[in-house]
Each structure stands twice: as structure tokens, then as C-alpha cells.
Amino acid sequence: MKKSNRHRSKKIGMAPGSLVHVGEVKTAQPAVSIFGFAKDQLSERTLSTETLASLALPDAGEKLWLNVHGAHDVALIRQIGQLFHLHPLVMEDILNTDQRAKVDQYGDYLYIVTRCFHYDAKKMEIGSEQISLVLGKHYVLSFQERATGSFDPVRERLRTEHAAIREQGADYLAYALLDVVVDRYFGILEQMNDAAENLEDLLLRKPNAALLTQIHLLKRASMELRRAVWPLREVINSLLRNESAMFSPSTVLYLRDVYDHTVHFIESLEALRDLLGGMMDIYLSSVSNRVNMEVRALTVVTMLFMPATLISGIFGMNFEHIPWLADLDGFWFALALMASIASLMGLIFWRRQWLSRG
Amino acid sequence: MKKSNRHRSKKIGMAPGSLVHVGEVKTAQPAVSIFGFAKDQLSERTLSTETLASLALPDAGEKLWLNVHGAHDVALIRQIGQLFHLHPLVMEDILNTDQRAKVDQYGDYLYIVTRCFHYDAKKMEIGSEQISLVLGKHYVLSFQERATGSFDPVRERLRTEHAAIREQGADYLAYALLDVVVDRYFGILEQMNDAAENLEDLLLRKPNAALLTQIHLLKRASMELRRAVWPLREVINSLLRNESAMFSPSTVLYLRDVYDHTVHFIESLEALRDLLGGMMDIYLSSVSNRVNMEVRALTVVTMLFMPATLISGIFGMNFEHIPWLADLDGFWFALALMASIASLMGLIFWRRQWLSRG
Amino acid sequence: MKKSNRHRSKKIGMAPGSLVHVGEVKTAQPAVSIFGFAKDQLSERTLSTETLASLALPDAGEKLWLNVHGAHDVALIRQIGQLFHLHPLVMEDILNTDQRAKVDQYGDYLYIVTRCFHYDAKKMEIGSEQISLVLGKHYVLSFQERATGSFDPVRERLRTEHAAIREQGADYLAYALLDVVVDRYFGILEQMNDAAENLEDLLLRKPNAALLTQIHLLKRASMELRRAVWPLREVINSLLRNESAMFSPSTVLYLRDVYDHTVHFIESLEALRDLLGGMMDIYLSSVSNRVNMEVRALTVVTMLFMPATLISGIFGMNFEHIPWLADLDGFWFALALMASIASLMGLIFWRRQWLSRG
Amino acid sequence: MKKSNRHRSKKIGMAPGSLVHVGEVKTAQPAVSIFGFAKDQLSERTLSTETLASLALPDAGEKLWLNVHGAHDVALIRQIGQLFHLHPLVMEDILNTDQRAKVDQYGDYLYIVTRCFHYDAKKMEIGSEQISLVLGKHYVLSFQERATGSFDPVRERLRTEHAAIREQGADYLAYALLDVVVDRYFGILEQMNDAAENLEDLLLRKPNAALLTQIHLLKRASMELRRAVWPLREVINSLLRNESAMFSPSTVLYLRDVYDHTVHFIESLEALRDLLGGMMDIYLSSVSNRVNMEVRALTVVTMLFMPATLISGIFGMNFEHIPWLADLDGFWFALALMASIASLMGLIFWRRQWLSRG
Amino acid sequence: MKKSNRHRSKKIGMAPGSLVHVGEVKTAQPAVSIFGFAKDQLSERTLSTETLASLALPDAGEKLWLNVHGAHDVALIRQIGQLFHLHPLVMEDILNTDQRAKVDQYGDYLYIVTRCFHYDAKKMEIGSEQISLVLGKHYVLSFQERATGSFDPVRERLRTEHAAIREQGADYLAYALLDVVVDRYFGILEQMNDAAENLEDLLLRKPNAALLTQIHLLKRASMELRRAVWPLREVINSLLRNESAMFSPSTVLYLRDVYDHTVHFIESLEALRDLLGGMMDIYLSSVSNRVNMEVRALTVVTMLFMPATLISGIFGMNFEHIPWLADLDGFWFALALMASIASLMGLIFWRRQWLSRG
């Protein structure tokens, strides 16, 4: 998050619609792939920046899906933007890859921003990439920061002959893309839940200060994720209201399903956060408890030595008339006195359970 | 919760409406039971997967209730789905048994998801099963993960001759099913409240660290339960608005009652959570208080020995001219001095209540 | 709260409208009193269960108020319910005496549930009883769990000749009953505020662990009360919107007054809760502070003895050549050395204020 | 707050509209002042309770402002109420001086309750008085508990010849009165902010337990104030919606200004509360930190004495053959050993910074 | 914040629209600059207070932008206000430079208040200045407290020939000014994030009490900033609804962009606050942990000396018959006994990890 804000500040004062890439460049070579499909046909091409100019828009009956890897290539985005008559602000937003999820309506197309996430299990950090979708009557444009393979399942379904997805309109394709993005969120959740369970096991077996930092990191990642997914819920809710009428009623039923998944995901994150919060409480109180018990045990042991030390001091005094000093067994008697007092005290403390560590 | 997310991830990238069971298989043998009833008649059958094909839909005047135990049988769900013309998403949701409560409207039927819960008193964990209801004009389909006996009271009422429930429509049957599901929640609440009271008793009698973990577990269970029931409140509220017109006005009055129970249940859970939160506070402060008091008492006792030890050291010095050393009663005098100083200090500490543990 | 849930579970699986008493039986002998009144007349009767059958409904110009003490008598409630054509759910709710405040509209009458409270100053617990009101065009039915005298002021006003209340309709009577119920809440608040002030005084004079439990109990009572009154606010707000048109515009003005009182009461409870929360914070920090200070003071005193003990050890060593040992004043010199070092240290600690307890 | 609730309970069970003063009597002698004004004229009178009867209502073109000091005089309020045809509930509310801010619409006049505050810097407590405004088409009635001088600036403006306020209607006068009330809130805020800054200075220079109580009191005062002003925000917002059409469009513009001030005031209180909360955190952690550091330092010093004491004990043993005992410099050698070990340990502790207090 | 409230109180009781500057005077010499522009032309002038009187309003086709540095000059504001027929409240608000963001509609112009911020990295404090915008059909007036250079990028764009901004209306200019104000917020965020990262680094390397104060200051600054920007979100949202119809539909698209930035900024602040809150938790628990560990280690070391001291005391007793006293190696034997017991205890403590500091 912090880094992205740093990128953003380089645009301060520029005119709106100024096409400048904001964010990290995540792939060396941008790539454009195009699917043209109708009920019975499918054409699939990969274009370079040069051949893009020759792209002809599809026929009336055909639907087009243009996917771009590498949303940092200003020239490429401008070229596609002009081809599809995109608003300058849309092009600007595609290039600005650190935005929150949103949906904007522009005349005859919708611009949807969503994010896909990856979880770095080692650093316990959430990374994210922006996915921009432009949904027109007969086309879908998708812009990713790099090739993550998120959309591969949709490609597979398109390539299958007689697939239902070919018969549907561009709105259904947009739904399918949103669906796979949201579905992948649950993989992240699984990883984070595994990490949380590992931490819980370690916590119960042997709490140490390093765990606290890890709980903190995981909690932070879960809150960051929740904050990033929360606006997506609003986005899909607004698509469900379908004020733009870009979605057919049958596709809206499917969108409702994506909405349910998003809400489920957010609630699972909240459950995770509560779990981690509870673990932190348990950790803090168990550590403080343990140290308190140990200090108490040590103090108790200290006390066991005090009467013995005093007795040794008493018989070390230089009075001329001290009983037992001249006795043959006086020394052993003194030692026995020391031992019996210490034992008596130990017994009392043991019965009060002051010697235990718990 | 964690487990269910793990199941879900196996569907990532599948086409919507792909019929795959997501969740745990909880019964070996799926079972289908069918009630056909009208004002004066009742037919009751149990079907196997084979005989299901021969199922004829009821006459106009008759109402049908088809109940399935074992919502993981893909073939069975598909068969029933085709018979009743269910949307692929509905079939998918029936098979996906880790969803939150929701209601979806599909043309001429409603699809309602709710959950029933059981409480594992030993592990202090909440388990849950999904119950799917499909409410059509003249039929109710109910899908459970396993035979829990939840619906037995409704079956009994149907079997009673001249029962009011036979005269009512399918909407009233759906209400009756929701009602017994929500009624059973209060049994769970009772168990959890009993557990909380037990913990409170133990806490007041003898606080120990194991209680903290149990309070934590119970609090977590109550929050999990609250989070799971919360969407049901919304579901019933939306049924009350009755935008689908599937419920008759007289049944809506009864639904209002279920709504009241749900709200009451959620509030009782919140009261339970507050109670547990208060118990945790009391525990933490009493433990920290107790240990502090004990450490103070020990420190005080330590101090009682210090003057005596110093006196013994003083009379142990090797000066040639030390008073009383040669006296007959010098030794006893020294001991008396030690004892009186210690008593004086003990008196002071006792008056300041520094020797008490509270 | 816990007990009430226990009662409720005995109804699991029953048909709605099954008339079973849920809750504690709080009076031995149910009693029914009836007021018939019009502008210039008033008739007052007390009926037994037997004579109730002969009850004739009032004339068109007359208003009727039927009050029942002992809402657990199923036969009685059924008899009254049939007389006034009450819906089975209303009768069920009257018998189920552990509900939250609500208002339900049924054709030509309103069913209002509210609760009256009593405060057990010794246990610091809130108890409550359900009051059910049925408001028809010309009658008000009120059902209490036992005779609490809550409605006595209204009875007095009815008995007064030329009282305004006789001229008004049944809606005004219902308002008057709600008004006395809400007015009595402030008596509870007063008792709880007194208890809180007492605790605060004790806290400032001499904090001890028992106070913490009492603060906790009082806070819990205030939260329980707030949770119970909160829905009443909604109830009166919904009566103010007057969608049922059961209230005349002039009575709505008076209801607004009850609404203000309810909101005022809830805010006072929140102020009380904040006060108690602050007291708990002060207590915890003052106790921890005090013990810390005491431990520090004890540690400081311990240090005062250390140099003296070391000096006595040094002059107790058995070297043959130790200065001053043979001097006449050597012993006194050593004691003076001990005393002066201890004094010097004491002075330093005193100036750093390490010997004080605060 | 607590006191006011005590007053209120004396009205339990009374008929609505019963005119009884609830609250503290704050002035001995009620006073009534009347301003009649039109564009070019102004009449100003002070009436006693006796001469009030002779009060003639103003002409059509004239506006009237009647201000009462001493809202506890039941006879006076009844007399004025009858003169202006006030609803019994309005009269009751004027006499009941412990209400929250509200606005009630009655036919052709509005009844507005607001409160003015004073801050007792010594006790750090907020006191408040009720100000009731009745706004009719051509008159404003204002009722204060005692003469606070709040309205003096408005009087001054009225007395100025050609003042804009004379040309405006009664609605503008009501606005002007609300405006001065809200303006005075900022004086309170200033005092409380000064107190908070003083506390912060003291906290950074020398934290002690008395500061904690003061922070707590100030925080409580700020929350009490916020709770009391919050409903005023709603009141002015509802005046802005102007459903009663009592305000002219041009006056609504001015009311918007009062609304902004109220919101600003509430936000400043929240900032103050956050500041105080942060101060409390800093205090608690700094105190606990300081004591911990001190205890550590003391423990460290204790350790410096231990080797020396052990050495003196070793050379005090009564073995016949102990090296150095007979040496001339043996004693000095032992002392040097003690000193060098203590120095070495001191050096180690100093390098670990265990002797510092921070 | 505190200072501004102090300024405000000097206006208590003044008539509304009284033109008095409230706030700090931040520039010595007020300056007025005027841009007149149309599609193909641009005139730029800087006026003094004297020459302002001669200002002629622009032609129909021309747009005018008047910018004022030094919003404290009452005469200047009054002159401009009269020229553009501004409402007295607008002039008052321009002079009152401590307001929250808001938008007010006045007949044919909008009055917008926003704030620009600067961050004092040393004191970790947020300072702010008020920016007032008046948007009419053909003109924009902007009032700043001092020359901050915020608007320089817009000036540059205006000066560029064929700039899109010259072709657009005054509404687009107002958008452009809001846009650069919001863009600059991200610079502040960057500085605060850098500070937070620095603190985190220091925290992990070497926690000390000074860091706590800095975390606290930074958290406070982030909350203050959030509270100040929050109403801006509402302002832009209300501009988006465009009830005043002052913005053309194409400009509303651009405003949506500013809205997104504002929301993004607020969310980033919340993430920063969470980060700082987590850092504070980590700090507190790590400090308390460290001190606890150190105290435990010291206590353990203390215990190592106790048996040795006791042994030396035992052999220092004056009994006549003590074994080994007469042995040649008795002394060495005693020392060996001391050393071996201490070693054994040290070994036990080391295996329990009680000597480590973590």
C-alpha cells in the first residue's frame, strides 16, 4: 500500500486523462491475446504491439475478448483506447494500477476495476494486482499487470466445443472473469487459515515473542485484504442493480452467486481476524502469567534460604555464652534446625501451590 | 469454518452450475421421503434413487413435500432438479454445503438456505449443517446433509388427522420447517449458557489458566454462531416483505413470529458474549491481582528477616570490644532484639494489610 | 435471561399457536379486573375465571379496559382470546412471558409487548416482567405476570370524576398505560445511579477487589436493561408513525412524549455504563499502581540493609590484620559507618520519592 | 445527570400535562421581559407576574419576543401558556428542565428545547440549563432557568436602530437566539482544551496518579457534553428540512450556518476525547514503564552487593587453614577483590543500560 | 485545532454576516490574480486592492478565475463579495478560516470549502489552510490563506496554448482546482508513511520510550487528517449528485475521479492508523516482555549466590565441633561445594531458559 501511494504522488498536478503509468512494472513484455467467438466458432490470436493496428472489430454476431498482460505500456493502452473509443479517464485508470475496486458507467460501456491477490507465506504479506475490465455490448477488454494465469479456466471453457459460454453474450464472459477472480480469493484464505492454525499450535505448545510478531503480521494481512475486497462487494452489488442494463436478467442470477461468494469471503476474513485477536489475547495473558508464576516461584525459593542463613548468623555471633556451641552434636543440631524449618516452609508453599509454574 | 473454505477451493475455475459436492459427506446412504397431502388426505413414501424416476408430480389440489437426507449425492440432486426444473445455480448451491443463509428468487419458486447447528460441549465448538428449501406454488423441497430429526415434529403434525397444517398451502409448510429449525437454536443457547454458568462458578471459586482458554473457546463459539445466524435474520426479513408473493398474508403473520425468535436469539448471543467478555476481564484482573499480592507478601516476609540477619552479623564481627559479648544473657538479649524488631515490623505490615493476599 | 431461554426450549417443535405457558409462574391466583367507562360513567368489576364467561362486550359509546394479573393461566387466556377474537399467535405471545418489546398489527387491533423491570439492589440484578397490551377500537386488554401496582395511578385517574382520561378513547388509555410503565423505569435508574455513586465513593476511599465484582455486576445490569429497553424505542417510534391509524392525532402528540422519555432513559443508561467503565479503568490502574509502588518501596528498604550487612561481614572476616578491630571504639565506629551509609541512601531515595506509596 | 433523574421520578404516575416543576430551582425571582418590534420601532418592557395578565398580543405587523428567567414558576408558565394557547405537554416540558434537545411541531407553532452549558473548571464538571423556545408566526417565547446573559447580544442588536434583525420575522429572531446559544459552546470548548493542554504539560513533566483522575474527569465531561449536544444536531437538521414551513428560505440559509457550527463543535469534542484517550494511554504506559525500570535498577544494585557479601562470608569461615588470613595485606586484598568484582559487574550492567531509569 | 477554537470564540454574539477574520493571519500582503480565458485567448493580471474596483466582469463567452492569497483582508473580501453579489454568510465563511469542508448552494452559485494540509515532519503535526471556492456560471473565485503554490499546475495548464482546460467551462476549472488540492494530499500521506516505516525500523531494532510518544503523535496526526478529509468526501459526493446542475455531465465524470481519490486517501489513512496501532501494541508488549525477562534473569542470578552464602555462614558458626574445620583442604572443599551447587543450579536454570532475556 505504502509503495503505491509513493507512485501516485508523481502525478500531482497533471491534467486528468494524462496517460502515465502509476505503479510497479511487473512484466517485461506486454502481450495482447484476442478471442473472437460466436455460438459455433472460435478464433484465437496473439497480437504484438505492431499488429494491433490492423485489428478489425468483430461482426455483429460475434463477441470479442481482448486480454492485455502488462498494463503499464502507455502506447499500447492508448492504441486500444482509441480503437474502442474509451474515455481518457478510463485509460488513465487502467494505467494507474493501485486503485480500489470500482465500477464506472460510460455511455455504452462499463469500466470495472477489481484486484487479484497473492499471499507471500514467508513474509505474511498480501500483494495485489489490478484487473481492469471494460464491458461493451459485444466485447470485453481485460487488462492485467502480468500473466498470472487467473483467466486460464475461462480460456479452457471457451476452447471447449459447444460450451455454454460461447452462446452467451459478452456480459456472461465478464461475469465468468469476475467469478474466477473471486474464486481465487478462497485459495488465499486457505493459506492464511493454515498459517493461523500453525501459529495456534505453536502458541499452545510453546509461546514465544516471535509468534506475537507473526500473529500481528497475519492480522494485518487479513485486515488489508478485507479492506481491499470490501469495495468489490459494493461493485458487484451495484452490478446486480443493473442500472446500466448491460447485463441480461439470466446473467444477473449468476452475478448474485459472485456476490454471495464475496460476502462469504469477507465474513471468513472477519472470523480469521477474530481468531487472531483471540490468539493475541491468549498469548499476552499466558506470557505475563508464566513470568509472574516464575517470579513467584523464585521468590518462594529465596525465602527457603532466609531462616537457614539467619540461624548460621546467630551461631556465628561472638558471644561468650551461647548454648550448644560446646556440644558435640551442636553443629548437626543447627543443620537439622535449618533443614526442618526450610522443609516446613516448603511444605506450606507447596500446599499453597506457590512453587508450581502455572 | 476453516475446513469449509478448504473444500471450496477445489471448485476454483469451474463453470457455474457445475454440479460438484463441496463440503463433508455426512451420511452414507442418501434417503428421499415424500409427503403428499391435502385437507383430508396424506400419503407418505420413502423412495430410493431408482424409484425416484417414477415420481409423478401431485395433482392441483395436493401439496407435496420432498425431503432429502444426504445433500452430497450429485446424481440424486440432478434428478430432482430436472424433475422440478431447478436452475443449475440452485442445484450447485444445494451441493455446496458451506453457504451462509440466503434467499434467492427464481421465477416461480424461492430458494432458501438456512443452517442448523449442533454444539460439541466437550470441544466447545459449533458444528453446522446446511438446510436448503425450495418453495414452489404447490411443493416444498428440503435438502439436509444428514438425518438429524429436525423435521420430525412437522412430520408428526402432518400425520395427525384434521391438522391445521394439512389445510394450509406449501408456504405454511415452508414456514413450519423454518420455525422448527429456529426453535432448535434455543437448545444450543441453553447448552452454551449452562457452560458459561459453570465457568463462572469455577472462576469465582478457583481461577486458573485453563478457564481462560475455555472462556475464549466459548466466546469464539458464540461469535461464530452469531455470525452464522445474522444473515438468517435478513433472509426472514426479506421473506416478510414478501416481494415474491409466495407467502399468503396469514402465513406472513407466522413468519413475523420466526423473525422475532431470530432477533431474540441473536440478542441472547450478544448477552452471552458480553457475559463472557466480562468474565475474561474479571479473570485477568483477579489473576494479576492475586500474583501481585503474593509477591508483595513474600517481599514483606523477606524484610522481616533482614534486621535479624544484620544483628547476627554485627555480633559476629571480630572487634575486641563489643558490648554484651561477655554477658551471660548477651546471646538471649540479641535474640530478643531480633524477635522484637521483626514483631514490630510485622505489626506495621499487618496494619497496612500487606501480609494479606487480597 | 438464561432462565427464560431454558423455558423456551420446552416449546421446540410445537405447532404455532399452541397455548403453553413459557416462563416463571409469578402469582398463585390469576385475577381479572374490568373497567367500563365513558365520559360521565365508570363501572369497575373484578371477575373470577368462572364469571368471565358472562362478560358482555361494552356498548358502542363505552370503552373497556380488561386487566389480567397472572399471564400464565392458559385457560383464562384462551377464554379472553376467544371473546375478543384474538389471533392464536397473540395468545401464544401473551403466555410466552420472555419476549422482547414489539408491536404487531392484526387487522383491527394492535398487539404491544413491553416489559416492566425491578432492580434487586443486593444482587445487583435486573428482573423483568412482560406486559402485553391489546388495543382495539373500543377496548384495551392488558396482561401482567403478577400484581405489581404499575397501573394503579391510571386506575386512580379513571376513578376521579370528570377526569380527562374518561373522555378520551381507548388509544389514550393505551398511551397512559405505556406512560406509567416507562415512568417507572426512572425509579430503577435512580437506584442504579445511587449504587454507582456509592461504589465510586468506596473506590476513592479504599479500593478492593470486591468492588471490581460489584462494578462489573452493575455494568452488566445496565447493559441488560439497555438491551431490553432498546426495542421499546423502536416500538414507540413505530406507533408514532401510526400506520395502523389506531391512534388519534392528539394522542400521537402524547406518544411523542413517551418516546422522548424512552430515548432519555437509554441515554442515561449509556452515561451510567460509561461512568462504570471509567470507574473500572481507574480501579485497575490504581490497584496496579499501588502494588507497584509498594513493591518499589520494599525493594528500596531492602537496599538500605545491604551495605550494613556487608560491613558486618567484612569485620567478621578472620584475617589476622584488620584495622580498628583492636580499637576501643572500633565497634561503634563500624555501627556509625553502617548507619551513615544507610542514612545517605535513604536520603537519596527519599529525594527521588521512591519511598512514598504514590 | 444523576440528580435530574432523581427529580424526574417524583412525577411517576401523574397525568400527562400535569404542571409540576422537575429540576433544580436556580433563581429566586422569576422575571419576564418583553420586546415588541417592527421595522422602525421597538418597545421593551419588564413585567411582573401580576402585570402579565394585562399583556395584549401584538398587532399584525409587529413581532413579539417574550423572555422568561426562572422556568420553575408553575403559575407563570400556565398564565403564559394560556395566553399563547400552548399545548399542556409544551407547558409540562418547559417546567421539566432536564430534557434533551428536541423540536416538536404543534399546529401553528414550533417548540424547541436546547441547552446551554457552563464548565466548572475546578471540579471539571459540565453543568447545563434548559432553554425552551416557542416559535409562532409573529412571536418567540424563550424560557431560561436563570439569568445567564446568553441572550444579551441579541438584545443589543434589537436595540440598535435600523438593525437588520428588526426587519426580519420571528423566525429570524429564533435563529438568532439559537445562534448565540451554539456560539457560547465554543467558550466551553476553549476552557476544556486549555485544561487538556495543562494536563498534557504536567503529564510530560511529572506524571502522577492525580493526573489520571483529572484526565478521566475531563474525558467524562467531554463525553457528557457530546451526548448532550448530539441531539441538537438532529434538531437543527430537522429545522433545516423545514417541514413546518415556519422558517423563510432566507433564514434557512442562516440555520445552515448554525448546523455547521454544531457539527464542528461535536467534531472538536471528539478530537478532545481522542486526545485525552491518548494521554491516558501514554500515562499508563509511562508509569508502568518507569516503575519497571526502577525495579530493574534496584535489582541490579542488589546484585552488586552479592559477591562482596559472599567473599566476606568465605573469609569469615572458621577453617584453620585459609590462605591469606595471616597475610598483612590479606584484608585489603579481600576488599580489593570485592570492589573489583562489583566494578566489573557494574560495568557490564552499565553497558547493557540496566542502571538507567528509561 | 485547539487554536482555531480560541479564535472562534471572539465572534460570540455577533450578528451573522459580521465580517471579522477568524483564524491566524498567514501572509502579510494579500494578492489578487485574475485569469480571463476563452477557447483561443487568455488574459492574466495581478490586481492590487486599489485597482480591484476597476475590475470589469468578463464578456459572455469568457470565463474568469479570480484567485486571492490572504483570506484575512476584510475590506478586500467585502469588495469582491459586492462585485459578485455574494451572500453575507459566504463572505463571513471565507474570512472564518477554520471551517470543515462543506458545500452550500446559493441561488446561482456554489460555495465550496475545502482544506489543504501540510505536515510538519519534526513535530509530527498536521497544519491546514482553508481554500474557499465560489463557482458561478462563468467564473470561479478561489480564496487561499497564503500563497502555497497549490494551484500552480492549473495556471500552467491554462497558459499552455490549445489546452483542453480553456475550452471547458468554469465548472471544469473548479474541478481542476479540487483535483490538485486532493492530489497534494497524497504527498502528505507519503511523508507520514515514511515516518511510520522509520519508526517501525527503530522499533524492531531498539525499542525505547521516546518511540511511543512519536507513534502516538503520528497516530494523532493521521486521525486529525482523517477527520478533516472525511467531510470532503461528502462534499464531492454531493457535487456528484449535482442537484445544483452547476456541473456539466462530462465534468461529473471527472469529479467521480476526485471522489475515488478521496476515498482512497481516507482508506490509506485508516490503514496507516491500524499500522500504528499495531506498532503500539507490539511496543508495549515487547517492552513489558523484555523487562519481565530481565527481572527474571536477575532473580535467577540472585538465587545462584544463596547456597554459597549459606555454606559460608555454616562454616562461620562458632561451634566447637564442626567437621573439616581442622582439615588442610577443608577450605577448598567448602569452596568446591559452593561452586558445584551454583553450577548445578545454573545448569537447571539454563535448561529452563530462565537466564535468556527473551
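A, B, C, D and E label the chains in the order they appear, each numbered from 1.
As a working rule, contacts are C-beta pairs under 8 Å (C-beta built on N, C-alpha and C of every residue); 3 or more make two chains touch, one makes a residue touch a chain.
None of the values given here were measured: they were computed from a predicted structure.
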{"item": "Fewest hops from chain C to chain E - one hop per pair of touching chains", "value": "2"}
{"item": "Contact distance in steps, from chain B to chain D", "value": "2"}
{"item": "Gap in Å, rounded to a whole number, between the CA centres of chain C and chain A", "value": "43"}
{"item": "Rounded Å distance between chain A and chain B, as computed from the means of their C-alpha atoms", "value": "26"}
{"item": "Residue list for chain C, restricted to those that touch at least two other chains", "value": "288, 295, 299, 302, 309, 313, 316-318, 322"}
{"item": "Partner chain C, residues of chain B touching it in the complex", "value": "152-154, 156-157, 163-165, 176, 179-180, 183-184, 186-187, 189-190, 193, 197, 253-254, 256-257, 260, 263-264, 267-268, 270-271, 274-275, 278, 281-282, 285-286, 288-289, 292-293, 295-296, 299-300, 302-303, 306-307, 309-310, 313-314, 316-323, 354, 358"}
{"item": "Touch list for chain E against partner chain D, complex", "value": "1-2, 5-6, 8-9, 11-16, 87, 89, 92-93, 99-100, 102, 104, 106, 208-209, 212-213, 216, 219-220, 223-224, 227, 280, 284, 287-288, 291, 294-295, 298-299, 301-302, 305, 308-309, 312-313, 315-318, 322, 324-331, 334-335"}
